[in-house]
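Got some structures for you, see below.
First chain A sits with chain B, and in the next complex the same chain sits with chain C.
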Partner chain A sequence: MELQAVLMAAGGGSRMTDLTFNNPKPMLPVGNKPLVWYPLNLLERVGFEEVIVITTKEVNKMMSTDPKIKDVKIKLDVVCIQEDGDMGTADALRHIHQKIKSDILVVSCDLITDVALHEVVDLFRAHNATVAMLMSKAHEFTEIVPGQKGKKKTAEQRDFVGVDQSSKRLLFMANEADLEDGLSIRKSIMRKHPRMHLKTGLVDAHLYCLKKAVVDFLTENKSISSIRGELVPYLVRKQFSKTTDSHKVKEDAEDQNQKKSDCSTNHEILISSRDEPLLQLSQERSCWNDHHGDMSEAYHGGKLRCYVHIMDQGLCFRANTIPAYMEANRLTPKLFEEPAVHPSAVISDRCQMGSDSIIGALSQVADKTSIKRSTIGNSTTIKEKVKVTNSIIMHGVTIEEGCNIQSSVICSNVVIGRGADLKHCLVGSGQQIDSDAERNNEVIVGTDQLMEI
Partner chain B sequence: MRSHHHHFAVSTDGPDKNDDVERAKCEGKEMTKEEKQRLRKEKKQQKKSKEKKDDAASQESEKGKKSDGKSSPASQPLPKPTTQKAPSAVPAPAPFPMPASEAPAPADKPAKSKAELKAERRARQEADRASKQGSKKGEVGPQASAGKPKAPPSELQPVVKRLPEHMQVDNPDVLKKLAKKLERQQIPLRLDYGYKVSLFSHLHQYSRKAPLTQQLSIPSTVIHPAIVRLGLQYSQGIVAGSNARSVALLHAFKQVISDYTTPPNEELSRDLVNKLKPYISFLNQCRPLSASMGNAIKYIKKEISNIPSQCKEEEAKRKLLNCIECYINEKIILAAKAIAKYSIEKISDGDVILVYGCSSLVNHILCEAFEKAIKFHVIVVDSRPRLEGREALRRLVQRGISCTYVLISAVSYILPEVSKVFLGAHALLANGYVMSRVGTSQIALVAKAFNVPVLVCCETYKFCDRVQTDSFVSNELDDPDDLIVTRKGKTQLEDWQQVDSLGLLNLVYDVTPPDFVDLVITDLGMIPCTSVPVVLRVKNVDQ
Partner chain C sequence: NAAPALMPPSFDVMAGKGGKQSRTGSSRKSAAEQEEEEQPLQAVLVADSFNRRFFPVTKDQPRALLPLGNVAMIDYTLEFLTSTGVQETFVFCCWMASKIKDHLLKSKWCRPTSPNTVHIITSEMYRSLGDVLRDVDTKNLVRSDFVLVYGDVVSNIDVSQALQEHRHRRKTEKNISVMTMIFKESSPGHRSRCEEDNVIVANDGKSQRILHYQKTQGLKRLQFPMNIFHSGSDEFEIRHDLLDCHISICSPQVAELFTDNFDYQTRNDFVRGLLVNEEILGNQIHMHVTKDGYGVRVSNLFMYDAVSSDLVRRWVYPLTPEANFADLEGRSCTYSRHNVYRGCGVSLGLGSQMVENVLIGYDTSIGANCHISNSVIGNNCTIGDNVNLNHAYIWNNVHIASNVVISQSVVCDEAEVKEGVTLNKQCVLAYNVVIGPNVSLQEGTVVSMHHPEEEEEDDDDKFLSDDAEVCQSKDKTKQKGVPSEVGAEGQGYIWKASSLDDTEDEELPQCLWGLVLNPELESESEDSEPDGPDDPQIPSPEMDDDKVFQMEVLGTLQRGLEENIGCDNLVLEINSLKYAYNITLKEVMQILTRVVLEYPFQQQGPQLTASQYVGVLLPLLKKWSPVFKNYVKRAQDHLDCLSAFEEHFLEQESHWAAMVKVLMNMYQLEILEEEMILRWFSKGATTDKSRQLRKNQGVEEEYEYDLEETQVIM
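What follows is the complex of A and B.
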């Protein structure tokens, strides 16, 4: 077996807590499909037959009852982990390492993309890489986040990504938060790759192809808990460390004593592959080199290689913040050719529906309503003379007559009284908005949610 | 009576032979009325001369039944009556090997008894030889064929050779056949790219940006992952060079064999060969197979078919892996050592040696010569778009050899200073022509004009029994976009496809006639170019 797919669906959605309080992130509806359906669909389209899903019990229960997930033909091997446990993605991999028998493809549940996956996997295969990942040019989200007071934007920590001239080989990766006093690049990197492109406008899609040896390495190094935060930068750094001797290692301050012994064995693990001498012979006889101008052989003799595929066209983003989530709802219906209005929905004739709105199953929309650029979920009732613009309405919502809803996110099972006027609001699940209420730029949630710290 | 039969048989020999020759030639086509009539006449004649033709005829009939059954149903009734009337003295020649790629050789039917026995013996020999040769490059045995209009080529005479598919790309029938075959093997078809120059429109031209993996499922189940990886490395040029490609191929086959398990009710010797066929098609689609790879594949297939059926699977696998190791060791590593030994005799102090491109063997020779403390200087000639000479230059300079680097446009300027030219080869053809990287024949030509000796170094496993006198008939077209270069931010040829009258041609190989080559250094010794067929014959007899 060549690759095993692992879907990480246990994340809490820490960057959109308002939304994820009652709905776990993997099950948030995007275009009337649960968020986790998108990576599953990607894997299924590409040809995977089964996937290991790491998730919580609650999400698992919801997934087993969701009709869209039941439609998915790919076989789900669900592994449940504790919800409140502080498990990072690397910890989760360590948890399932018994199941892993070959190289793995790790996908995050909030990835929505139409990438040609073979581009990433081809890098992994052709160069015998240790890790191959997917990145995309960042997409500026212009949505105003409901509930945000003023225009203050939280400074997103930038990611610095250094690639070589061909933009395939990953040379440097660090987050601004880790760079205390400036960005320093080791001389060994500069000597081997004199031309490096540093990019800050890239979005990490959290899609990684990892060699099996890396998973074995994780089981021995229990201190690494996050793939993105710790494992990948570590591997990128290790590409250029001096090689596999037991004596050496003066480079990083992090390579402390307890890790030193680990390091040497880990290098051996990372490097060994079946029938190495023939591969070596073939490489020696081949007249190919990945760089020109210096005296070293292909890959500078390094066995650890990290590659990245940078998408410049096409859709690729992670719906892990509220603006991204709202953008996702608008863009995803275009990905699939499904009818905008579900066949079981009852739409009256005198309703104006824009072309980029979608309406879910069993919904009812009455006369004289106007729905533009919005997503209406399943089993939702919208009465007369309602105007819904640029909003996301989840399942089971009742909107009484005369309401006006703009740029808002209404979670499931909400009742909005008649004549209410909501602009840029986020209404949590199960809430009730009084009639004739006027809310602007507010987050309306229950008191128990407010009590959550 | 006898003499009458004899006479009668002799007189019918002529038309008989013609008939049969014609039949062999038009095997598979619809039999016309006249042919059917002729066959009926033959039937009658055969009935009358059956005593003399007993053995040969029954053998023929068996052969005829097997292959005729596919192509010419009209000849079916022919063999039956002869076998019915055959006296019981005829032992059923059951142990006669029945390779299905046989077409009957009715031309082997002389009436005279001596000639008949001779022919019978000859037929048996050739069938044996043919069964050992297995599948030739580009010619799929009829077991794997579906819907082939023409009969498989006869290994016996008359030899009707079919052109391999990869040289007939402009023939839509051949393409359809290929598509059907690939569909059956569940391998995606790679589409040609870009405008092809008319002289080479009969060859495939693929784009590197459209790899075959686009159409495969990602955890590849149909094709072994090692083969997918190999195909990718071939198409992206990561593994390039005849020796490297063969070694990588054998390495991948080792992994395939280690991961192989015999399905129930199947024999390893037959099933494993069938498993390898789609992989070879896949690799062919990624990049056309080289002659060395073809020979390696033939060797492996032969080894697999020779596994006795009572051999246990583990032992069989171990034996095969061992065979592969031996093959690589013998034909590549030791051969390189032997060739280096012979070549070093030809290198003397103060020599200026010219090499072209990056040949792993020539580099090895030069490094070995340097180790023996011979003082020489190397001139590396390079050419676009591959610019492989840079890699050769790096390897030589790393060892400490003093080198000069020029492009091929300067070759006539530096040749007066050169004392010898060492060239590597991709394959050596049966008529003595050397197939090598494009540009080699030019260098050989100019060297001849300057009276500089040209030595070609080639291992024997690259010898191939194809015959070619020009570089057009069979070649490889690389990605035309490789010729596009960006200088100072401007890419002039970016939209070359829009210009109707413009075609980009990126040839990979060319053939050098033996008149320009003074010596071929192989692991069997130093031979003149024209002795290649002798080596091939010796090799075939050995095997």
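What follows is the complex of A and C.
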């Protein structure tokens, strides 16, 4: 097995707590499928037969009953971790390191993409990379966020990503917040990679190919807890530090293997000394080089290499905020060709339904309704004269007669009273909306869901 | 209006018209624009380097006239300008202006058929590029965009595309962009890159606007200020693969800007100044990168060597030696394979080999059994037998006797090399020097007929005074014709062997060959140095919220003590911190307890004894008891507080003695209720150590004391 897939599905969805309060993020319905189905499908499509799913007990229970997940053919090896353990992604990898026998492909559960996955893996293979990752142009969310007052915060901290465009090598990574004193790059890096593209409008898809050695490194470096926050920036920086080490490694390789001392300096070496002898031989004998200008060996002798594939076309985003979630619902039905209306749903003939809407199983839609650009979940009842536009209705919702719902998210098991008018609202699960209520730009959740003060 | 053909010959009149034209623009805009298109393209050629890198060679001949591939350098520049469409060139001369003028008047550029009208402007007053451009402004010479170039640039780049882009930018962005710099793509380490001239450029990925421009010599880290990334773009490039061709397309504003900023001396000053003050002045600089053109400035002898080689190897096509583009009579030469060029009347002795990349001027005769490779030999030279030349640049009328070895050296006009002489690498024999016989010049020797000291006297006419010191510090004992050095029949003064060890920045202009920068050595030393702040053991991520909160609470309390802030306000501050870091009430309590208990250590260091500790802590507890009381209310709060208390003392075993007193104190201050202390005591123990802690005599005693007291009260 060349790559083992690891799916990180334990995240709490802290950026959209209003949605994830009752429904954990991996199980949020997107296009009437749980969010976690999408990365599973991605892996399945490219031929993975088994995936290690790191998740919580709660999600595991829900997954085992979900019909969509049952349809997935890929074998799930579920590892449950504590729910409130505050475990980072790197901690999770450390947790399962015994299961890891080869290089790994780590995917986050909120990734929705139609990427040709081989692009990333090919980079990983071709350069014998330590890390290969996926990034994409940031998606512009035009949607008005329910309940958000005022204008969007525009001054977000940007991530600076430096890439050598020709080789796709990842050279630099920093957040604007850490760059108050100015951006500083060592001249030797510029010498080796004289043309660095510095991009700010990228999002990290949280999809990584990692060498097994990195996992070994993690098990010995317990202070790293997050892949994106700590591990990757660390590796990117390490690429260019102390190439003299690599010479030493050659000489000391045997020593190192015999006495495995525990001091942390050795951990770096573990990562870098993984070049198989055969590969090294082929590199020595090949005239191939990854750079122009000088005659030094390929990769300038560096053993630790990070690469990034940047998607410039296609769909790639993470459904980890409310606008992203709404966008996901709108876009994903286009990705998969499935009947817009589930066969078991009962739809009145006199219902106006746009082709850009989908309706889940066992739902009932009555006469004179209009459904446009919306997702209707399973077992949902929509009564007469209801207008649903540009909204997400989750499962088990009842909408009484004459309601008008526009650009809103209605969570599961909500009952909306007769004649209610909701615009740009987010209704938490299990809520009751009074008849003839008029709500605009509000977040309606239970009192227990409010933040503890 | 004035068509180019009707242009009057006098500058002043012409300039006046030009000025008028540009000022009438606003009223008849479209007409003016059209005119601008029709304007002949102008160029400013600065035929002076304003430095003395080629000293002492340039003492006899200005740099622009030095032969490169047997053609004066300025001819390459003029040919480049003409072929790129320039119709009017202003040549600014200072040093040895009359020689340049004579040369140009004789050349094809001043013939009536020349498509490029050359105007020669001389002045002894120019001391920098800045002076030249200020003069351009005063004399109002340029009417529209012009090409700015030095007289030692060899190039075949077609700038018309860059010019078009430049004009387009100026039209769409209302003259914000004032300059387009031309770069050639070439990776670091490329031969034609001048190590001293390496630059790092940060530009906007889409608009090609230059955001940052810096020479990299001597830098290890490259710093980019953050404000350059606030331009609203999301794609930037940082490029180190650019070779500065020293060709720029300038708007007329450039000359004005030089006038406005009298401290701008060089183009570097100008570019840096403009980029730094971009927000104030609102001027931008763009760049144009060419991939396949050739454009290099001959800024030192290394570059001279590199450019000569490239020329002979035909990289500057169509400017090749056999093309005779300068159209000089009798200069045609034949081109045969392995890049061997021969002028007319060249004679080659028996057994002599011209291996490859050799250019030989007319009427030169070469003796028998010579071995010549990668060399340029001028006109009317005589070369004896058994001569070995490699990377040798022999100018005109040079006599080389037999058994001479020359490698990577320059021999100027009229010089004579007698028998058995060896010139090691990087030697220079200036005009009329005689060397030999049978001497070997060590690497980097420079021989000139001028005494190193005499330059001081005629120094003032051109050069800046800071060089004078350097000259004085030089070895003055060198005598004309010291036989051991220039040979028994030799003539000339040895200039300092350009020992690079002690070259400092001021001395830099002195070394003809430029700095020998060993890139490998440099990068290795760079790599072996510690990475500094860039490379911490583990990147420190955002600290735990708890930790930050703890630090903040500590800070608050400290400030409270220093500034005598009331407890109510402290509570307020801690509350706001609690929300800022999203800390639960329970954690607040524990952290607060911990902070207070650790406070003495924090202030006085960890080596406090138990009694000292108590001494410091008790007053503090008294002072802060309202803060505690605010948080410690419910029964659970008391237990939480106690557990933090326990935790602290588990870590500080040596201070168990103090524990009782502290606990007692907290009880007396009514921070902790007795009942809770008892409950904690009887229930709480979970680990061995905490059991041990409770067994601690003092605590037990207190426990008993408490019990008694309870009974008394009851």
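As a convention for this text, the second predicted complex is superposed on the first by the 409 of 453 C-alpha atoms of A that agree within 3 Å, B and C clash if a C-alpha of one lies under 4 Å from a C-alpha of the other, contacts with A are read in each partner's own complex, and residues count from 1 in each chain.
By definition in this document, a contact is a pair of C-beta atoms (placed from the backbone, for glycine too) under 8 Å apart; a residue touches a chain by one contact, two chains touch by 3 or more.
The shown structure was predicted, so the numbers you read here are calculated from the model rather than taken from an experiment.
Q: For A:Glu384, is the partner it touches chain B (first), chain C (second), both, or none of the two (neither)?
A: A:Glu384 sits against neither chain B nor chain C.
Q: Of the partners chain B and chain C, which touch A:Glu284 in the superposed model: first, second, both, neither?
A: first
Q: Quick check for you: in the superposed arrangement, does A:Phe48 touch first (chain B), second (chain C), both or neither?
A: A:Phe48 contacts chain B only, not chain C.
Q: Between chain B (first) and chain C (second), which does A:His292 come into contact with in this model arrangement: first, second, both, or neither?
A: Both chain B and chain C are touched by A:His292.
Q: Could you tell me if A:Arg125 is touching chain B, chain C, both of them or neither one (first, second, both, neither)?
A: Once the two structures are laid over each other on A, A:Arg125 reaches chain B alone.
Q: Once the structures are superposed on A, label A:Asp114 by its partner contacts, choosing first (chain B), second (chain C), both or neither.
A: A:Asp114 contacts neither chain B nor chain C.
Q: Tell me which partner touches more residues of chain A in the superposed arrangement, chain B or chain C.
A: C
Q: One more residue to check, A:Leu183. First (chain B), second (chain C), both or neither?
A: In the superposed model, A:Leu183 contacts chain C only, not chain B.
Q: Tell me the contact category for A:Ser223 with respect to chain B and chain C: first, second, both or neither.
A: second
Q: Per the definitions at the top, what is the overlap between the chain A residues touching chain B and those touching chain C?
A: 292
Q: Under the stated contact criterion, what part of chain A meets chain B in this complex?
A: Listed in rising order, the residues of chain A that touch chain B are 1-5, 46-49, 105, 116-118, 121-122, 125-128, 274-275, 278-279, 281-289, 292, 295.
Q: Can you tell me which positions in chain A touch chain C when the two form their complex?
A: 158, 160, 162, 176, 179-180, 182-188, 190-191, 194-201, 221, 223-226, 229-230, 233-234, 237-238, 240-244, 264, 291-294, 296, 452-453
Q: Contact residues on chain B for chain A in the complex?
A: Touching chain A: residues 211, 213-214, 216-221, 225, 228-229, 232-233, 236-241, 243-245, 247-248, 250-251, 254-255, 328, 333, 357-358, 360, 388, 390-392, 394, 397-398 of chain B.
Q: Spell out the part of chain C that touches chain A in their complex, as residue ranges.
A: Touching chain A: residues 186-190, 200, 202, 205, 216, 219-226, 229, 234-241, 519-520, 523-524, 526-528, 531, 534-535, 537-539, 541-542, 579, 584 of chain C.
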